[in-house]
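Look at the two complexes coming up: chain A is in both, with chain B in one and chain C in the other.
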Partner chain A sequence: MRPDDALAPVLAFERVTRWYGHVVALMDVSFEVGREVVGLVGQNGVGKSTLMKLAAGLLRPSQGQVRVCGRDATTRAARSEVGYCPDFEALPEGCSGAHYVTNLLRYHGHGARSAAERARAVLQELGLGQHLDRSIGEYSKGMRQRVRLAQALAHEPRFVLLDEPMTGLDPVARSELAVTIRALPARGIGVLVSSHVLHELESVVDRVVLVHQGRLLASGRIGELRRLVPELPQRVRLVAARQRELAACLLQLPQVVAVNLTDRDQELQVTVQQPREFLRELTRLGASGSFVIEAVQMMDDNLASVFGHLVG
Partner chain B sequence: MTRGLGYRPLDGERSRHRFPWLPLVRHEWDSLLRTRWGVAVLLLCLLPAFGRLVWLTLLHGFLQLGDAVRTRMQSQAAGELAWNPDQVSFYVEPVLSVMPGMAFFLLLTSVGAARSVARDRASNALELYWTRSITPVGYLCGKWLGASMVVGAITIVAPMLLWGLAVLMADDWSRLQDTACPMLIATASLTLFTLVLVGAAVLLSALPRTPNAALVAWAGLLVGSKAVGVVFARALQWPELRTLSVWDAASALVRAASGLPERGTSLFGSAMVLAMLLLVLGLFAARRLRLQDALA
Partner chain C sequence: MTSAPQPPGVLGTAWLTAAQTLQAVVRVRRVVTLLLLVLGYAAVTFLLGNRAKEGMDLRVLYCTLAWWLVGTAILPFASMYFGVQAVHGDIEDRTSCYLFVRPIDRTGLLLGKWAAAAVLAVVTTCLTTAAPFFALAAQPGGWGDGVDMAALRTFVLAFALGAVAYVSVAVLFGALFRRPLVWSALFVVGLQMVTGNLPVSAGLRRLTITDPMRRLVLDGIEPDQRLTQLLWPAERRIGFDQIGQPVCDLLVLTCVTLLLAIWRYRRAEYDSRARD
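Then we have the complex of A and B:
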């Protein structure tokens, strides 16, 4: 990787619009993905799949340009830089994981021996070393997901598209996959990952791109997006002794909308406007020694709440 | 504790092949032999060739069932071209006949060629191919050649092997001298026959949405056109109308090239029927395999 390559985006959408006949699937979308993990968030039917297919070079934009490593995404050169992990089950039951990845590598132009060696090595790196020659039909969901990821990574792409990679995985497999995805940017690989499991996505991505009704709703770090919508009331969880007295005290603050005492001992949930101001007041309250506040947790500072607020 | 999968990229340069779809040919061949069912179908389709081999061994006395049987076989071989190992018909006719030729051809193509593209479409494998360096044209070429290799096992390889064994079983080299040249031409025409019919099957399989629909369409084309040809030829007392049958049209080309007796089909008409069929299927398949259509 050349030094200037490190700064160049691996994926760039430049004012991309895509129609299917008279239906607009995507409208004037622009964003870039560098060597980072970017999450693609949107409800079903908002143009997420179209966006993924445009990025994979499977569709041409009706207007605008999609570029992968500076090249038109539909060109052969660009496609060789893309690793695509689709959300569907496209694994043949009859052959082994190693055989399957080898075959797909060969379609990238690798020789038989080099493809076989590479496929085995990647599968081994992804934790399937013991099961290389077992039939895919005998694999668990997590193992199948790793095979799909292996075929996307085996040809050493510079950009990887992961469509719903967490679907159907157990928590342990999800965590393992998240760690693997998080490691990719360090190797110079940009990642665009779509998922409905928002809290899982949150732990994986550097930035998110929110798509709604074919338009780019917002793009940026989750915290930054959260700060863009300050008028949204936020819930704050507090753990403190003398919770009833604290609740009465908090209700005096202008930022506090409501205070709920929960069933748990010493815990209360506060709904606030202007959370920064509230936290400043809370710090002052704690410093005065009137109350011992053991824990403060911003409950709505997450992707799901931002997404929920933005799409109404 | 979370255990990382520890992926790290491998060292090494990427290689580039001029025809990245070539492995598809091997993959298509492998897909038949990977299952016991596929192997069983292939062996079943080779039964006519095995039958002829048994006939040869009996005729030349390698297997003994008594002199009476052998004499009867020799007289049948002398009377019928199709049962005489000194004639090209003996090797080619089992492939071109409706039974067993067309029946086993249909069976073997139904396992592979006739469903190949539709099967990939149904399993969403097309998306993975398109994200490789494979173009729709390259993909079709790979499928076509791979499926032709599979079908060629019964239409090209089996007659050739049978002829080779017949030459070795003969009393002298006269069979080799008499049949080598016509057999070479027959093999070339059988290769063309296989490529054309398998090409039609693969192109047709690109049109329907499901593998089963593709299979029905292929069987309909092969058997249906045969029925239409026979019915029209008899009803209108016009033998050339048998050429409406795709199978008969392709067979007519082989018969003409190999010097086998004609069966009332027109050579020009046969060529036209096959050319039109491939053109129409090719146009529809090209339209269907445009990426946005393929992925819709």
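Then we have the complex of A and C:
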């Protein structure tokens, strides 16, 4: 990797529009992905998979340009830099995982032996070491997912597209996959990952791109996005002694919309506008010695609440 | 320092694809099943020959069986099935996307699949053409002028060329249609079985694969009046000046359909979601 490559985007959507006949799947979408993990968030049917396929070079944009490592995504040169893990389970049933990944690696110019060695190494790294030569037809859902991931990573691409990679995985497999995805940028690989499981995506991504009805709604770090919507009321969980007195005191603050006493001892939930100002006031209150506040937790500073607010 | 591997060109891709497709299709169980079917077919032909040899020249029986059973039924259906499955099978089960994201030209992919399907079709056709021949050749007394090896050569050549042409059409259908097997059935029944058997005066039959294949057979086996009528009931007075250039016709048809298939396969997006 050249030093200037580190900063160059591995994926760039430039005013991309895509129609299916008269149906607009994506409209004027522009964003970039560097060597980082970017989450693609949106409801079903808003154009996430279309966007993924455009990035993989499987579809052509009706307008605009999709570039991978500076090249048109549909060119052979761009495709050699991309790894694509689709959102469906399909894999050939008759051959083993190692054999299938080996076969696909041959199309990247690997000889038979080096392709086989590389395929086995990648599958082993992904935890399929014990099942390399078993038929894919006998694999579990999680094992199939690893084969799909292996075929996307085996040729050492600079950019990986993961379309709903967590779907159908058990919690352990999800957490292992999250660790694998998180490790990719350190190897110089940019990642665009889509998922419905927002809280899991949140733990994996550096940035998110929110898509709604074919349009790019917002993009950035989750905290940045949260600040883009200051009018969104936010819930804050507080643990403090004398919770009733504290609740009465908090209700005097202009930022506080509501205070709820919870069933748990010493806990209350405060709904606030302008959370920064509220936290400043809360700090002042704690410093004055009137109340001992043991814990503060921002409950809505997450992707799901931002997304929910933005799409209504 | 080792250089990064370079993706294969069109021919390299075609070679890899053909090898991988054959590897995926040829399984011990399938080969054994095919061989058992061929042996069964040979056994039935042997019994048929044994009963018919008193009243019929076994050469005539072989030519009739080979043409009507293999040439107009087994060959077209098997070839079309192999061709369609090679190209459309992975589009249908969506595994084609793993190939389409590789840094290779789709021309090579299609040529490889075509080659693999053609090999399968030719092998199947040759087996089903040769098995009854040897079953009948085991009864040399029934052959009027002795066992006619030239007839076997003629049928094998004509059917092999026909199989390749059928596979090319199937590959085009696989690249073009969402329901290629339905179109293939219509093509075989409507165009090959009906139109292909029209008399010489019907120019439309020249668009079929059956017609040049039969002209090649008639040219090779030099049939008498009776056998001619058995092979082409609609045409009673075929003249050898009407044989034309059947090999050339088959090659032109193969090339044109293959080029159209490549053109379509390279351009199409085969979006799995749109197909749902």
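Quick note on the criterion: the second predicted complex is superposed on the first by the 312 of 312 C-alpha atoms of A that agree within 3 Å, B and C clash if a C-alpha of one lies under 4 Å from a C-alpha of the other, contacts with A are read in each partner's own complex, and residues count from 1 in each chain.
Following the convention adopted for this analysis, a contact is a pair of C-beta atoms (placed from the backbone, for glycine too) under 8 Å apart; a residue touches a chain by one contact, two chains touch by 3 or more.
Every value quoted in this text rests on a predicted model; they were computed, and no experiment measured them.
In this superposed model built on chain A, chain B and chain C take up the same space, so to speak, and clash. In the superposed pair of complexes, A:121 makes contact with chain B only, with no contact to chain C.
Look at A:235: by the touch rule set out above, it reaches neither chain B nor chain C. When both complexes are overlaid on chain A, the residue A:131 reaches neither chain B nor chain C. Using the contact criterion defined above for the overlaid structures, shared-chain residue A:176 touches chain B, although it does not reach chain C.
When the shared chain is aligned, no partner comes close enough to touch A:48: not chain B, not chain C. Contacts of A:212 after superposition: neither chain B nor chain C is touched.
After overlaying the two complexes on the shared chain, residue contacts for A:184 are found with chain B alone; chain C is out of touch. When chain A is checked against chain B and against chain C, the one touching more of its residues turns out to be B. In the superposition on chain A, contact is made by A:153 with chain B only, not with chain C. Chain C runs into chain B after superposition on chain A, and of the options 3-11, 147-155 or 165-173 the stretch responsible is 147-155. In the superposition on chain A, the residues of chain A touched by chain B in one structure and by chain C in the other are 20, 53, 56-60, 76, 79-80, 82, 84, 86, 88, 90, 92, 94-95, 103-104, 106-111, 114, 151.
Those residues of chain B lying in contact with chain A across their complex are 2-10, 12, 14-17, 20-21, 23-24, 27, 31, 34-35, 123-125, 127-135, 291-292, 295.
Residues of chain C that touch chain A in their complex: 4-8, 13, 16, 20, 24, 27, 90, 93-95, 97-105, 269-274. For chain A in complex with chain B, the touching residues are 20, 53, 56-60, 76, 79-80, 82, 84, 86, 88-90, 92, 94-95, 103-104, 106-112, 114, 118, 121-122, 125-127, 146, 151, 153, 155-156, 172, 175-180, 183-184, 187, 189.
Chain contact summary for the complex, chain A toward chain C: residues 20, 49-50, 53, 56-60, 76-77, 79-80, 82-84, 86, 88, 90-92, 94-95, 103-104, 106-111, 114, 151.
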